[in-house]
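The letters A, B, C and D name the chains in turn, as written, and every chain counts its residues from 1.
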Amino acid sequence: MSDLRDLYQEMILDHQRHPRNFCVLPDATRQQEGYNLLCGDRITLYLKLRDNRIENISFQGSGCAISTASASVMTESVKGKTIEEALALFEAFHELVTGQVSPGAGRGPRPSLGKLAVFSGVREFPVRVKCATLAWHTLRAALEGRQETVSTE
Amino acid sequence: MSRLSVPRPRLAEPNAGSKWQAEALRDEFPILQRPIRGKGLVYLDNAATTQKPRAVIEALRRFYEELNANVHRGIHYLSEQATQAFEQTRSAVQRFIGARSTREIIFTRGTTESINLVAWSFSRRFLQPGDEILITHMEHHSNIVPWQMVCEERGVVLRTVPLTSEGELNWSAFERLLSSKTKVVSVAHVSNVLGTVNPVREIVRAAHAVGAKVLVDGAQAVPHLPVDVQELDCDFYAFSAHKMYGPTGVGVLYGKEELLEAMPPYQGGGDMIASVSFERTTYNTLPYKFEAGTPNIADIVAFRAAIDFLNRLDMMEVYTQEEKLTKYALTALHEVPGVVIYGRPAHRCGAIAFNLDGIHPHDLGTVLDQEGIAIRTGHHCAQPLMDWLGVAATARASFGVYNTVEDVDRLVAGLYRAREFFHL
Amino acid sequence: MSRLSVPRPRLAEPNAGSKWQAEALRDEFPILQRPIRGKGLVYLDNAATTQKPRAVIEALRRFYEELNANVHRGIHYLSEQATQAFEQTRSAVQRFIGARSTREIIFTRGTTESINLVAWSFSRRFLQPGDEILITHMEHHSNIVPWQMVCEERGVVLRTVPLTSEGELNWSAFERLLSSKTKVVSVAHVSNVLGTVNPVREIVRAAHAVGAKVLVDGAQAVPHLPVDVQELDCDFYAFSAHKMYGPTGVGVLYGKEELLEAMPPYQGGGDMIASVSFERTTYNTLPYKFEAGTPNIADIVAFRAAIDFLNRLDMMEVYTQEEKLTKYALTALHEVPGVVIYGRPAHRCGAIAFNLDGIHPHDLGTVLDQEGIAIRTGHHCAQPLMDWLGVAATARASFGVYNTVEDVDRLVAGLYRAREFFHL
Amino acid sequence: MSDLRDLYQEMILDHQRHPRNFCVLPDATRQQEGYNLLCGDRITLYLKLRDNRIENISFQGSGCAISTASASVMTESVKGKTIEEALALFEAFHELVTGQVSPGAGRGPRPSLGKLAVFSGVREFPVRVKCATLAWHTLRAALEGRQETVSTE
């Protein structure tokens, strides 16, 4: 089960059990739903944007360990970042978990992944990529100001 | 593992006197010989699709290597032979489900298309705004969405029979909802999640008493139970070959001849017409009226090998043996700490839906997969049922004729492994 | 036989410099090795369905023995692998016909279903009573009847472009019939009877100029010509795997993304939905919105082997080689006393329709069949074209990549034999 | 080609080239269309019935050798027969060309086939059974007074 431990690193299990920023944000300026057809997981993302910057972010919802931990780590990673920085981080994350450069990827230098690197094991589990990226797709939709529910698959 | 010290239920003992042993059937399924992630495959996703016996795979090969031609219109040897083989499957299906005539057997892509065909064509001929269609809260999306589409298009009203806390049809609610407005009752013979076997004969009797027609979604019944459509007296019966050891891409719609006669054709094209001119097109007789275009010839021919396989096993014996295995599995699963099993229907078969407290089914699926154990996790195309159960998703183990007590034991061992892995 | 003293046209000479030889391909087709009625099979019924190369048959076997599982919803290894293989075919199809995106590739049962899907769904969104649909006099029933059904249901008018005495589209009549009322032009890329190749690019340009959308029935084109849907700029393109060396039960509908997006789903069920509740059901994204229920997984996976096979041969080379064979056949058939060939299109491929004076095509078919020669006889699902030709039926020889000059010679010898047999 | 000669016996070829009773019957009391989906063959049958007896019969149409000859020999065989005799003959003929007793067959003794025996070769050519029986199906429909066009297949 060595592969499994690559996927479910201890930090992931910790974030799943104790998700950070897991609450409603009363002063959110944006709110976005995300939905994973495969697991039936749902996430609601709350964002407080100011001056092109993610001043605060939180989430709610129920999901598998990967999607919950991914949302939790994501909120920590993007808080305080500008929209551009957050999107660049998504690209780097996408590349990490899929091994492929995302279609909309810019050409600039990759930002450092920091804690997000714990999701590197996802690459070996293609069906779990959607779990790992649900929160991120939802974030992107929120930043782009789309209205409809995002669904992966 | 402590679990192993629990004495096995008596059910696990070899079935003395049974016609065949699941263990012995495994040899006939090439895929069961292959290792998955370095381990022997425990395939418990049969409600999604079953594995195929060698006879079916061979029938496919033989068709393409020896008989392949288009059917029904050809005068040459291959076409004649292919047509014969094709129509032999229709006869085999007719006998397998006890239909009166091959004219009542229509080949489709699967259960989903069979239901869509009825929803579309029956509604066009027989439904008026204000009429009602009755389904249940345990239906597969394939037996919900086609009716929703018809309702939206034709101003028909969709009503839903609730379930009991056991996961069975709430009979008194059913009787209350049934009225002279009800024109169609469409119900699963067996739930693909809870395994509930619905009392179809009684449903048909009650529906007919108010003048409603009954479609039975038999996708999860035909692989597990003897089915006799005349005995059930249902008006339509839909099922999929791929869930009963046959190839993908083949479904069956049984319909009573007089209804099929009265219904307009569904798709237009070759084979379903008698003559075409720009002024006037006349339709072919049954069953061809509903089979437009080149059918899935090779798979339909090979489907017969699956029916022969099931006939050899004897559906009553399939039912009996699977019933024992299901009971064994229910007992074994109940013993695992934190396991929640959904539904306790008195009459069940096929599938067991469950969750393990503290582990999302999707994570459980991944852990089991590493052990070579294939189960399904998710909403099983039955979201309204998930809503009713109050969960987003469940795990589901579903059985086939080749599943053994060892498969169940490996599943249970896998659940313990998952608990361990997630520090529970 | 005197015919043999006629010097063969130069075309019959081995194709120096060609990438492959039809003779050499025959080894890849197991059925061509089998004797029919004691003779080697001359298969000239390719427009009905083609034979399958070993690679396709093997891909099917391999799928069922190694990968079989349901797709899209599974978390376990087999399901993941099956889904990957399934989607790889979609990509292969996308590249093969030059579509922009895999979202534009929808899997159906065949050309017939592809056309029905568009007729049903497009009409619901875009057609009003009084609008016109334009087809031609050479269409297959599959490109007539679905439109007749739509016209009857929605008060739309079906118009038909006549043919020239050559068996080509009458262009000035086409231009005359085309108007701002025309909402759909639906036309065969290649006629399954006359072999006529229609000027699709020009048709699309003219249709778009009046705001009409164009569906191209490519069933008889894709096996014979390089097809690039972006170059043609058509809005929909329909074809069948079984006519291009792939398995039965698989069709493709290409559609421009923005149109498919705007169109309502066709069938309802699993896979085509995003979420279902009794109050509100939302549909999945493209292409899944149009793929309800379990698809024909194994055959779609195996279809890729057929595309790989054609890519290896190179469609331009297929076209060139078949063109030579067709010319050879036309010349050889013309020399047989009493042969009437229908149509003389300038640009043709695939099929040659003919009759032998004094012999009904059906009797001819039987005589040829005794010689191991498979041709088709009848109306070829194109009765309006038969009416236009003024015959009840014709014989038809249609070619595939494995047909050789010897096949044509055997056909011609068979025709002489038939004349002799019927005392002509 | 020995099989072929069994199918196309000389008498069949003769009837095809010179079909008997091939004309419109001006004083027909019944007229019936028949249609073979497979070949596209069409036949029109004209009958003059009197006192339960086929006093006169003729046909028109275009078809293959088998269907034309079958119609021709049929008209000769049933002329002057009662309706019951004609139907019994169809049953005997059906058995001859298919090897199967027809579903509606009575239990009485089989009538003698006479000339119809030349169609015995059809049995080896299952796809041609419809050609051989088209005229007969059309006759039965006419005798039963059905209105719609009969089609085989």
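Heads up, the rule we're going with is that a contact is a pair of C-beta atoms (placed from the backbone, for glycine too) under 8 Å apart; a residue touches a chain by one contact, two chains touch by 3 or more.
Predicted model only: the values in this text are computed from it and were never measured.
Asks: Just how far, in Å, is the C-alpha centre of chain D from the one of chain C?
Replies: 37
Asks: Cα centroid separation between chain B and chain C, in whole Å?
Replies: Those two chain centres are 33 Å apart.
Asks: What whole-number Å value describes the gap between the mean CA coordinates of chain A and chain C?
Replies: Roughly 46 Å separates the two chain centres.
Asks: Using the touch rule from the top of the page, what residues of chain D touch 2 or more other chains?
Replies: In chain D, residues 38, 128 touch at least two other chains, as defined above.
Asks: Which parts of chain C, given as residue numbers and ranges, touch two or more other chains?
Replies: 73-75, 79, 275, 362, 366, 377-378, 383
Asks: In graph terms, nodes being chains and edges touches, is this line, ring, star, complete or other?
Replies: Contact map by chain: other.
Asks: Pairs of chains that touch, anyone?
Replies: Touching chain pairs, listed by label, come out as A-B, A-C, B-C, B-D, C-D.
Asks: Can you list the residues on chain A that touch chain C in the complex?
Replies: Against chain C, the touching part of chain A is residues 35, 37-38, 126-128, 149, 151, 153.
Asks: Going by the contact rule set out above, which residues of chain B touch chain C in the complex?
Replies: Chain B residues touching chain C: 30-31, 34, 36-37, 41, 43, 45, 48-49, 51-52, 56-57, 60-61, 64-70, 73-79, 109-113, 115-116, 119, 140-142, 144-149, 158, 160, 240, 242, 247-251, 265, 267-273, 275-278, 281, 292-299, 362, 365-366, 368-369, 372-378, 381, 383-384, 387.
Asks: Would you pull the chain A residues touching chain B in the complex into a rising list?
Replies: Against chain B, chain A makes touches at 1, 3-4, 7-8, 13, 38-42, 62-66, 125, 128, 131.
Asks: For chain C, which residues count as touching chain A in their complex?
Replies: 72-75, 79-80, 84, 274-275, 282, 284-285
Asks: Which residues of chain C touch chain D in the complex?
Replies: By the definition above, chain C touches chain D via 360-363, 366-367, 370, 377-379, 383, 386, 392-393, 417, 421-423.
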